[in-house]
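Below you'll find the structures, each written out as structure tokens.
Both of the next two complexes hold chain A, though its partner changes from chain B to chain C.
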Partner chain A sequence: MTSPDTTIPTTKEQRNKRRPEMASQWQLMWWKFKKHYLAMVGVIALSVLVFLAVFAGIISPDVPKARNNAYLSGPPMGIHFLDAQGDFHLRPFVYARTTKRDPVTLRKIAVVDTDTHWPIEFFVRGGSYKFWGLFKTDIHLFGASGGFIHLFGTDSLGRDVFARTLYATRVSLSIGLVGVTLAFVIGAMMGGIAGYFGGVADNVIMRLIEFIRSIPTLPLWLALSAALPRDWSSFQVYLAITLILALVGWTHLARTVRSKLLALREEDFTLAAKLSGCSNSRIILRHLLPSFMSYMIVDVTIAFPEILLAETSLSFLGLGLREPVESWGVLLFAAQNVRTLAHTPWLLIPGLFVVIAVLAFNFIGDGARDAADPYSK
Partner chain B sequence: MLRILLKRFGFMVLTLAAVSVVAFVLIQLPPGDFADAYANKKQATGGPISLEEMVELRERLGLNRPWSVQYFDWISKIVLHGDFGYSWGWKRPVADVIAERMPFTLILAFSTLFFMYAIAIPIGIYSAVRQYSISDYVVSVVGYIGLATPNFLLALILMYLGQKYFGQSVGGLFSPEFQDVDWSWARAKDLIGHLWVPIIVLGTSGTAYLIRTLRASVLDELNKMYVVAARAGGLSPTQLLLKYPVRIALNPIVATLGWRISAIISGAPIVGVVMSLPDTGPLFLQALLDQDMALAGAMVLIFAALTIVGTFISDILLVMLDPRISLES
Partner chain C sequence: MSVLLEISDIKVHFPVGKTGFFGRPAGYVRAVDGVSFTIEAGETLGLVGESGSGKTTLGRAILRAIEPTSGTIRFHKDGQDIDVTSLNNKQLRAMWRDMQMIFQDPYSSLNPRMTVRDVIGEPLLANKVAKGEELKQRVKQIATQCGLDVEHLSRYPHAFSGGQRQRIAIARALILHPEFIVCDEAVSALDVSIQAQILNLLKELQIDLSLTFLFIAHDLAAVAYVCDRVEVMYLGTIVEIAPTEGLYYTPRHPYTEALMSAIPEADPTKEMTPYLLTGERPSPANPPDGCRFNTRCRYATDLCRTDVPLLTPIASNHFVACHHAEILSLQGAMDHEEVALI
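The block that comes next holds the complex of A and B.
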């Protein structure tokens, strides 16, 4: 027998190291999660995306609807510190663009003018927007004085792809969030009913889940959203699409809840709680729920990218969200045919965001799965 | 064994019945019925249609009967005569429209399935045996990206690269000169030459998933005592690997065959649309956009039936592969 360590831990590190037995379940999970390198990368990437989405209005140099007629289908404009002569400028700049007419096709094209610089300035005034729907403002984080700046280029109408992508990130992530929340509620309820009541209810719900899982999801999603009335407003469509995604996406969660409930019901601590006179709701909320909450979080991180991809696919095919709403799928819809793609490959940039978001969620899911049971090993 | 098969078969039939109800509901879902659609079409071309005509049309088509009667009418026609109804978008029976395009979807789906397993199984085993080697890391990274890239994005990127570096369109399944000619050896060769792009597009995420699963389960098995015992008994490494760990590790791979088929069938329409393949994809999308629900519903039914039968087959395979399953019941 060793005597208990009586020295008082001073730094946070020491506290953590010395008292793993005192740490709460969530703390143990967090420590284990932190060790998963890729999961932390995922968290950082996702935080950046969320930050961009939340502050889309101020970060984008202009409002997403603004059309720049001087720069239609313009390629991305790079930010430079060194100019054509090799001189260094402390203030970054973009090269000016002048419009010319192509002698052969007679189409208007933008030509890079390396002699003129458009320096980048911060907190400039531009198109006005409503900050979080609260108050009107026209302040933008950065802009090019004397001209315009399009980091990701523009589409055929001259709209800034960078601004549109940021606003789309907002819509797509929020659809994922709302959809996952709905799926979470449905899944927890159905799984709860199946696991708690058992018997016929369990049988019916399990068959329903197997049934939903056995039919190909995308055709079902497509068919359901094609059946939506065409005259709905974009907000109604948004709600309906989220609901459709959630209706097909809850099965995984319900399964987890059910199997965990079934197993935990038989545990000794549940019996102990019952014997000491806890009410049913207290047993469920205080004793059972915390035990499998972590598994539900794992399932949420798996369900999230599925819903993101589904929304993107639906909108990409023109059956989900539509203009004027921006979402990743809506933006990619413009890049649908090869001919546009050959001239304006930068329209695929929103796709990069999709891949990053899905990868981030996959990494976080992997880390969460390892951390879900902090008492193993 | 026989009991399991019968049980599974019964479940398959029940699921098929349930799917047919869903498909029927989908067909009925949009506002208005065939008569309305017909009237709209007539009006658009200038021919007015009177109220009496509408009533008469509804009477003739049986649209005013209760929906349960209509459902049984619909499903019995499908089961007994293979009659899926009439597509007003194409002005032809649905069965004819689908039959023209279905072979390409089937060829694509099954060759994708074949290549997925043919590639994933050796690579999965290899990266488990050579864990933490450079090739293992490369496979893992490529796999992660493959899982995260939506099918259609991969298609767009491949088409862009094809356009840029080979100067040719990689869409479609045939070169222009083979588009409308009769089947011949040269045409088949041309088809195979075009098929690999959609196969890559459709198969990448599934292959990545299979490799990950197989790698994890082979790794699980490799550390078990029986493997050590067999090695100590003097079995050659290859023989040992293939005979024990791999055989067990194949279980989850076979068990998810049904889901793989489901995923491929799910992805096929969107890839078909993006790459303008002459398969059921563009047909399905067009039917949905036009709310030509007789055609769309029939295709949902066929897609679902394919995956349900696929799940049934994977169940049978699993019972054959793993004797423990039939002992359990």
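The block that comes next holds the complex of A and C.
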């Protein structure tokens, strides 16, 4: 065909030319979203976090459970290009560490040995891990030859905080993802029933939502997670915690779905679809769902940090995930008392990740909300 | 001409207010309250009346887009006599292939998330009439007939102006070749110049596809332009039905007279003397006794306040629901020579 709307763009210039009259709602939303500067920052920050989580095994210099007895509660090790004499080294290095006892407190302390360099090498062999649970490998992106490297320091057992944080990112983000997906499904179903059928079903579901929302969330999580058997495996606890978070978190989504359905049900195009001979399911799936999908995405991005924070708070209080699972909350659990904080403040670094992730999601949610209705004038 | 639709004693009552949590409704809004008329095949029947008189509700009730509370609708098609009010959902969906609707607001009647091709082709898909290449061809054909550029079919509705959108809506309503179309204020949301285009399009399509229209409007000039007969609604009831000329020149109901006197003149120097109705329109939840118009009628007598006037013939094809129709001499819309200009 040769009509202008059906020609296939051949040059890069043609491909890049915007055709708003032919743009679907997702394209229009993306164009609007891209204009939101903070949201794009959020997208980048989140992409980095997801990248770190996905490739946690290869990026971390060692497995998170490995203990380095030579460097207990060691502070973060900086990467240097210039040595103590001011000479430049093309290959970055860390200074060697030796342990000695503090003559006064008798605590083991690590001393920086600026004379010895441990150069950083890439794709070194270290502790073996299963790459995405598929195959065993022991390749790590980087490592220090002749010694060890702990970018974020170590905890009291000598475990690498950097590696643990990356693995925790994986667990925490996946809990958020699974929890939000579950909440999304429950919320869409309950909201859909309430909005489409109305009447008694609507009344019952709305009162249930109000009841759930009236309960203070923290005690509710605590009660539910305290009910988990102590002898459950960490994976079972992980699943149970996501389920608990989803069971409490679906209410907001259900409300959005219901209100959108109620509004859309009255739109002329819904009646037009009915008169066109569409069945109820076709009306919902083809005509209504695409219209409020964008609003649900906004709600999901806002629900995400809630669930993330909920998991972190629960684990921090010792009632969520527990060792040996790494999650941001579990890592922060170790940084609870003042003494650890005073001596090993780097244990708080996972908290920084929580802040970045929550902020990123909020920024994205903000941008998504602005872009959600590309047809608004 | 043969009768296409027979509407008898249609009522649409909406429950309002609740006495308790699961309680019974406190009352009913009688949006349409016992309306009977017939629509002949191939004609355009106008339906006029002020806002809230139940025009749209009646139009939708005829298609059963709103369930009528009581009454019957009979649809005569190819010798068949179908009782629309007794159809089940599946039969109703099949019925809608013959009865369609064009909406007032072309901005809310088109799903902004579907391309024009999908919007127009949706009835074909939903009724499993055509798909793939055949669907594309049929969409193209009807779009051309409705004055749309086939090269624009891949676009989304947001790229179109109101008039073009209304053309898309008309194409969607026509793609299954229905017999009967309810035009629910189909031009009132458009600019006057565009209105004329759409009205002409509807007229052309009516001849080409032998359509029957129920033309709901409050613009009396537009109604005069397209309609063969006009019925006037007030507060859920029909007060007058007549051929367009008869209704405009020689209205027989005081409410019609008031409507006619309110038609704006195209001549700005001409002085307008509309006969203004006084008082509020009574609530359809609590209509007055007797003639529903008695609270605002300048000719009302005691009889009007107690007895409900019935729709009775007063001239050929001219029906009116007024106790005093025989004795009143009412003012028409305009002089004959002015009408000739339209």
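Throughout what follows, the second predicted complex is superposed on the first by the 359 of 377 C-alpha atoms of A that agree within 3 Å, B and C clash if a C-alpha of one lies under 4 Å from a C-alpha of the other, contacts with A are read in each partner's own complex, and residues count from 1 in each chain.
Just so it is clear, a residue touches a chain if its C-beta (ideal position, glycine included) is under 8 Å from a C-beta of that chain, and two chains touch if they have at least 3 such contacts.
In this text the structure is predicted, and so the values were computed from the model without any measurement.
Chemist: Following superposition onto chain A, is the placement of chain B relative to chain C best described as a clash or a fit?
Modeler: Here chain B and chain C can both sit on chain A without a clash.
Chemist: Which partner chains sit in contact with A:S291 here, chain B, chain C, both or neither? Use first/second/both/neither.
Modeler: In the superposition, A:S291 touches chain C alone.
Chemist: Mind working out whether A:Q25 is in touch with chain B, chain C, both or neither, as first, second, both or neither?
Modeler: The second partner, chain C, only.
Chemist: In the superposed arrangement, does A:S233 touch chain B (first), chain C (second), both or neither?
Modeler: The answer is neither, since A:S233 touches no partner chain.
Chemist: Name the chain, either chain B or chain C, that contacts more residues of chain A.
Modeler: If we count touched residues of chain A for both partners, the winner is B.
Chemist: Look at A:A272 in the shared chain and tell me whether it touches chain B only, chain C only, both, or neither; answer first, second, both or neither.
Modeler: After superposition on chain A, A:A272 lies in contact with chain C alone.
Chemist: Using C-alpha centres only, what angle sits at chain A with arms pointing to chain B and chain C? Round to the nearest 10 degrees.
Modeler: Between the chain B and chain C centres, as viewed from chain A, the angle is 80 degrees.
Chemist: Output check: A:S281 vs chain B and chain C. Expected answer is one of first, second, both, neither. What do you get?
Modeler: neither
Chemist: Scan A:A335 for contacts with chain B and chain C and give back first, second, both or neither.
Modeler: It touches chain B, and chain C stays clear.
Chemist: Between chain B (first) and chain C (second), which, if any, makes contact with A:Q85: first, second, both or neither?
Modeler: neither
Chemist: Closest Cα approach between chain B and chain C after superposing, in Å?
Modeler: Distance of closest C-alpha approach: 11 Å.
Chemist: For a test of understanding, state which residues of chain B touch chain A in their complex under the given definition.
Modeler: Per the touch definition, chain B meets chain A at residues 15, 18-19, 22, 26, 29-31, 144-145, 147-153, 156-157, 159-160, 163-164, 169, 171, 258-259, 262-263, 265-267, 269-270, 273-274, 284-285, 288-289, 291, 293, 296-297, 299-300, 303-304, 307-308, 311.
Chemist: Spell out the part of chain A that touches chain C in their complex, as residue ranges.
Modeler: Interface residues on chain A, with respect to chain C: 3-6, 20-25, 200, 203, 267-269, 271-279, 282, 287, 290-291, 375.
Chemist: Considering the complex alone, what residue numbers of chain A touch chain B?
Modeler: 210-211, 213-220, 222-224, 226-227, 229, 305, 309, 312-313, 316-319, 332, 335-336, 338, 341-342, 345, 348, 351, 354-355, 358-359, 362-363
Chemist: Sort out for me which residues of chain C touch chain A in the complex.
Modeler: Going by the criterion above, the answer is residues 21-22, 60, 63, 65, 93-94, 96-97, 100-101, 103-105, 108-113, 115, 122-123, 126-127, 150-156, 158-159, 169, 172.
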